[in-house]
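In what follows, structures are represented as structure tokens.
Both complexes below contain subunit A, partnered by subunit B and then by subunit C.
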Partner chain A sequence: MTHSLARLALAAFLAALGFLLPTLLGGSTLVYDTLVAIAIFAAMSYGLDVILSDLGEISLVHTAFFATGAYAAAILTVTYGFGAWTALAGAVLAALLLALVLGVITLRTREFAFSLVTYAAAVVCMNVASNWDFLGGSDGIVGIPPLDLSIGPIELTAGRSAEFWPFAYLLLLLTLYVVHRFRRSRLGQAALMVHMNPRLATMCGLDGNRIRLQVFLLSAVISAAAGWLYAFQRAYVGTDLFETYFLVLMLTGVILAGRRILLGPLLGTALLLSQKSFASLGAYGDKLVLGVVLVAVLCLCPRGLASLWPKVRGFTRRPAQSQSQSPAAADAAPTEIPAASTRHA
Partner chain B sequence: MLSRRSVLAGLASAPLVPAFARAADPIKVGLIIPLSGGAGRQGQDVTHAVQGMAALINESGGVLGRPVEILVRDDESTPAIGVAKANELAAAGVAVVLEGWNSPVTLAMQSVLARAGILDITMISKADAILASASNPLAIRLNSANVQDAAIIAQYLGSKTRRARIVFVTENDAYGNGAQQGIEAEFKKAGLDYTIAQTLKFPFPQTDFRVEITSIRDAKPDYVISINANEGAGLPAFLQQYAQGQVGVPVICTVGTVGPSVIETTGKAANGLHSADIYFPETEPFASNPENKRFVAQMQKQFKTEPDKFMALGAASLQVWAKAAAKAGSLERKAVAGAIRGQEIPGTIFGTVRFEPNGQMQHRHFVFTVKDGKIVVES
Partner chain C sequence: MNVAQQLVNGVIIGHAYALVAVGWTLLLGAARLVNFGHGQMYMIGAFVAWWVMAATGLPYPVAVVAAVLLGAVLGAVMQRLFLRLTLSQDLVSLMIVTLGFGQALEGAAGLAFGPKPQTLASPFQEMSVHLGPVWFTVQDAILVSATILVFAGLYLALHRSWLGAAVRMVAEDPRLTTLGGLRVSRIYMGIFAFEGAAVAFAAALVAPRTPILTSMGFDQVVMTFVVVVLGGIGSVLGSYVAGLGIGLFTALFGALVSPAYTTAAVFALLIAAMVLRPGALSASGSFAR
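Up next is the complex of A and B:
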């Protein structure tokens, strides 16, 4: 009880600290812009993270869910004049509908075939958006109003990045909470079993396809919610939302820190966007850095940068341990690392 | 020892020092354009042109007595990056942003800059929505509009034949689709009996057109209209592959897509193609325009290059803004926009220019053919 209260207090402290981060970093517009982008794109990446980490599949259609959230927000506010709350409900419903259709089609396949089919689905979605006037065609939809989530007398509006920060941060926290709860839920445990040991899952009476579809729906809603907020922040949606920029951002964000780590996509996205904002080497230089980092991570630590942590910790503790432990005990310690780290491979 | 009078005098004069420093501080002008990827080379040329014009403006005393400093950012032809760079420049305190090669990037940046209260001048992007967007009621664009370009293409084709089969090879985005719609509308308006034998759409980065060229040959058209703004890679690739394919049907490129850099990259394959444009540094009325002569000399002196249309538009954007700010006596967004939209501005690279009330600059078009690797202006 005391332990869980302490953890809750620590989480609350970290959440409050995170909220104050822009101020602690100087509070410049650039800091706010970067942190708002990190929060939104990290939330977007968690949608893919759930599929990649918990179902073990690489979905290439999650840009379509992100775009669906953004397009729903744009159409409902610009074309029909609805408010941001209705737009959020519309974004969630539209993403659920699209995920249901795509899930039924794509989740029959596995691994490489799944990736290929989801990529094809993303291309189809992009072409539909480019050529359907209802979605703005190739021009996209301009003139999305500033975010207004006011409830009665409580004014909750945002136009500029500093004003967007509380909303983007809240979205990120909610996303973290949902992913955390999901992984501890019956669905999350079942998804992991379906992924890690499908035969055992079947023997336990689990319907693999149904569980995969449920996880797919959840992941679509997460990415769509991020797209909804992004539409208000950018005030314009277009077919570029389907492009590889966002897909690469999602995939790299998830892979960089490591799979099935709650803060992984956030750290990965933060690393990528911070480099671009504060230490940019120009377009070619940034792409070179991204390529080198990706190759290095995938070749040297395929389970992500976080997998280095036990080794670093072991390295820093070794001198102290070598004084207190017997040679046998010291030799035994490293063998625990791969055993622990292969748990989710 | 300090006397009370000297301390008071010091305190009284203290605010004057920073005030004087502020007056001499450079005015920051943002420039957002692709510096990498397919349009990277053209973006770098435009950057040089803007920097060249900034040097000329600074030589003449700057804007409102202050020098101009250009802050350049690469949008990588990606709207999301354009938005990030627009925010970055807003944070840097720029007075104006000159932007726009790709229409989707311009559309994405417009509202961000408008919300930040920064004047946004579109140099090149052509989508109609740029001037129609409610999110930027003070839009300004220097490049010719799709509708203006469409009229000159229809006029040129109409002078050749009144009945023909046409194939469009169209970039599938805001610019390409808008341009094609405009040309088709102008065909109807001019009463031309043209059949659209086929429309072949392709994504902006595409460089392999062999499938499309086979389809063109099968469609047996009288003219091929190419709408391809990827001047750095896609258009030269198409023209080279088209020449290799020996289709033998005349190609008309949409207005402003064939600059000297395209002809140089394309080589012999560019010979025979037709297009139209709004600026030729060595042709009248530009050749005798003192402002243009000064700009051309500056480009040759500073960068050892001859400006093309895109470079002229970039430089003219800065020049128009500087003249409007001087006329308004302010750097404030609405005041400067008011001195441009619906107004006439004399003494620019393009001579005396007129802006429509919606912010669109008016142009005169010149039709040309490429012969022996050179642009030969017909009218």
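Up next is the complex of A and C:
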């Protein structure tokens, strides 16, 4: 009991510290812009993280969910003049609808085939978005109004980055909470069992396809909510949302720190975007860095930077303590994507 | 609409798709590697050919050879990087790593060649052939013949040569290949180098048709993904037929229905095929046929 209370206090302390982070870092516009971007893109990455870490699949269509959220927000506010809350509801519904269609289509595909089909779906979405006038075509949709989430007398509006920070931060905290709860929920546990041992899951009376679909829907909502906020922050949506850059950012963010670590995608995204903001090498240089980081992580330490931690500890302590690695290794084991043993199945 | 001209266009585009796809097909068949960096390798091939002509003034054929050589080197670099993942057959990680590789190539090319569009000037692009109601350029004719030669050569090499037998063995079972006394990593090196060389060759032949940009990797090559997957994983003849079929489909769909939605239509077809016949993706037995 005291243990969980201590954890709660620590989480509350970290959350408060996180909120003050831009002030602690000097509070310049660049700091605010960067941290807002980190919060939004980290929230986006958690959508993919749920699929990658808990379902063990790699979805390449999550940029489309992110874009769906952004496009829904843009269309509802600009074309139809609705408020931000309606836009959020619309973004969630649109993402659920798209995820339902894609989820049903991809239900029977696994691993390799799942990734290929989701990639193809992302290309279709992108092609449709850049040609359908309703979605703004190749010009996109401009003139999204400032964020206004006022409820009755409580005024909640945001224009500039500093004003935007509380909203982006809140979205991030909410996303973290949802992912945390999900991992402890019946659905989260079931998803892990379906991933790790499908036969056992079936024997326990779990419907694997149903669970996969539910997790897919949840992940789409997470990414779409991030897209919704991104539309307001940028005041513009366009087909660039579908670019491979966002996909690679998401994947690298999730993989960089390590899979199935709650703060992993946040740390990964923070590292990548901080480099882009504070140590930028120009647009091309940043692309090069992002690509090299992804290749290096997967080729050198496929389990992410966190997997190096036991090794570092192993260096500093005596080898006699090497047993202490085993719990860490056991933790890491379910996170590994199983190699395709079904090569010739 | 000039149906005959559309058919000719379709055949030419189809051969272009097939030629761009050939290296990827072999790579996918033999190493199970979905190379999302293929488009960026295509872009590098086109830019190297352009750079050789622009910087040294050497003629186009020399530029083609230079692009092919550099492409082979790039493929070899890829093999060095991805060897561990290839050997452990961690297919999905391999797929992601190629996405990163592509990003890195695009960034590097942007730094090296700049953001401006360029033209890879082939002298054959200016010469055209008129046959009754249809016309095409000499470049197109070279492209079609080269594609047929490459496919025929690859097919024969895989089936009639010792090297082809080794490649098929690696595709079937890398561990067994080791027992057979062959160095699997050497064979992978050859396969990756072929992928790099083939896509650079394709780029040098196809790129003169349009201006080239360092950001073109995705758009120019996205159809190749369909050719490779729809052709049946690793099937050489399959990807030739798929390339031709998709070329004709895009030409006719573009002329009759809507040029803008061609990509969406082709990918929707692909999704339907993959979902309805998931067995086609498991690839056992279809390699090298």
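Criterion: the second predicted complex is superposed on the first by the 317 of 345 C-alpha atoms of A that agree within 3 Å, B and C clash if a C-alpha of one lies under 4 Å from a C-alpha of the other, contacts with A are read in each partner's own complex, and residues count from 1 in each chain.
Note that a contact is a pair of C-beta atoms (placed from the backbone, for glycine too) under 8 Å apart; a residue touches a chain by one contact, two chains touch by 3 or more.
Nothing here was measured: the structure is a model prediction, and the numbers come from that model.
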Combined model on subunit A where subunit B meets subunit C, clash or fit: clash
First, second, both or neither for A:156, with subunit B first and subunit C second: neither
First, second, both or neither for A:8, with subunit B first and subunit C second: neither
First (subunit B), second (subunit C), both or neither touched by A:17: neither
Subunit B versus subunit C as contact partner of A:245, first or second or both or neither: both
Contacts of A:283 with subunit B and subunit C, given as first, second, both or neither: both
Which of subunit B and subunit C A:293 touches, first, second, both or neither: second
First (subunit B), second (subunit C), both or neither touched by A:234: first
Partner chain(s) touched by A:128 [first = subunit B, second = subunit C, both, neither]: second
Broader residue contact with subunit A after superposition on the shared chain, subunit B or subunit C: C
Overlapping segment of subunit C (options 76-84, 166-174, 202-210 or 274-282) - the one that collides with subunit B in the superposed model: 202-210
Overlap of subunit C and subunit B interfaces on subunit A (superposed complexes): 131, 245, 282-284
Residue numbers on subunit C that touch subunit A, as the complex places them: 32, 34, 36, 81-82, 84-85, 88-93, 95-97, 99-111, 214, 218, 222, 225-226, 229, 260-261, 263-264, 267-268, 270-271, 274-275, 278, 281-282, 284
Subunit A - residues contacting subunit B, complex: 28-30, 33, 37, 130-131, 137-140, 142-144, 146, 159-161, 234-236, 238-240, 243, 245-246, 276-277, 282-284
Of all residues in subunit B, those that touch subunit A in their complex: 35-37, 74, 76, 78-81, 83-84, 87-88, 90-91, 103-104, 107-108, 110-112, 115-116, 127-129, 133-135, 172-174, 176-178
Interfacial residue positions of subunit A with respect to subunit C in the complex: 57-58, 105-106, 108-109, 111-113, 115-117, 119-121, 123-124, 127-128, 131, 244-245, 247-248, 251-252, 255, 282-295, 298-299, 302, 337, 339-340, 342-345
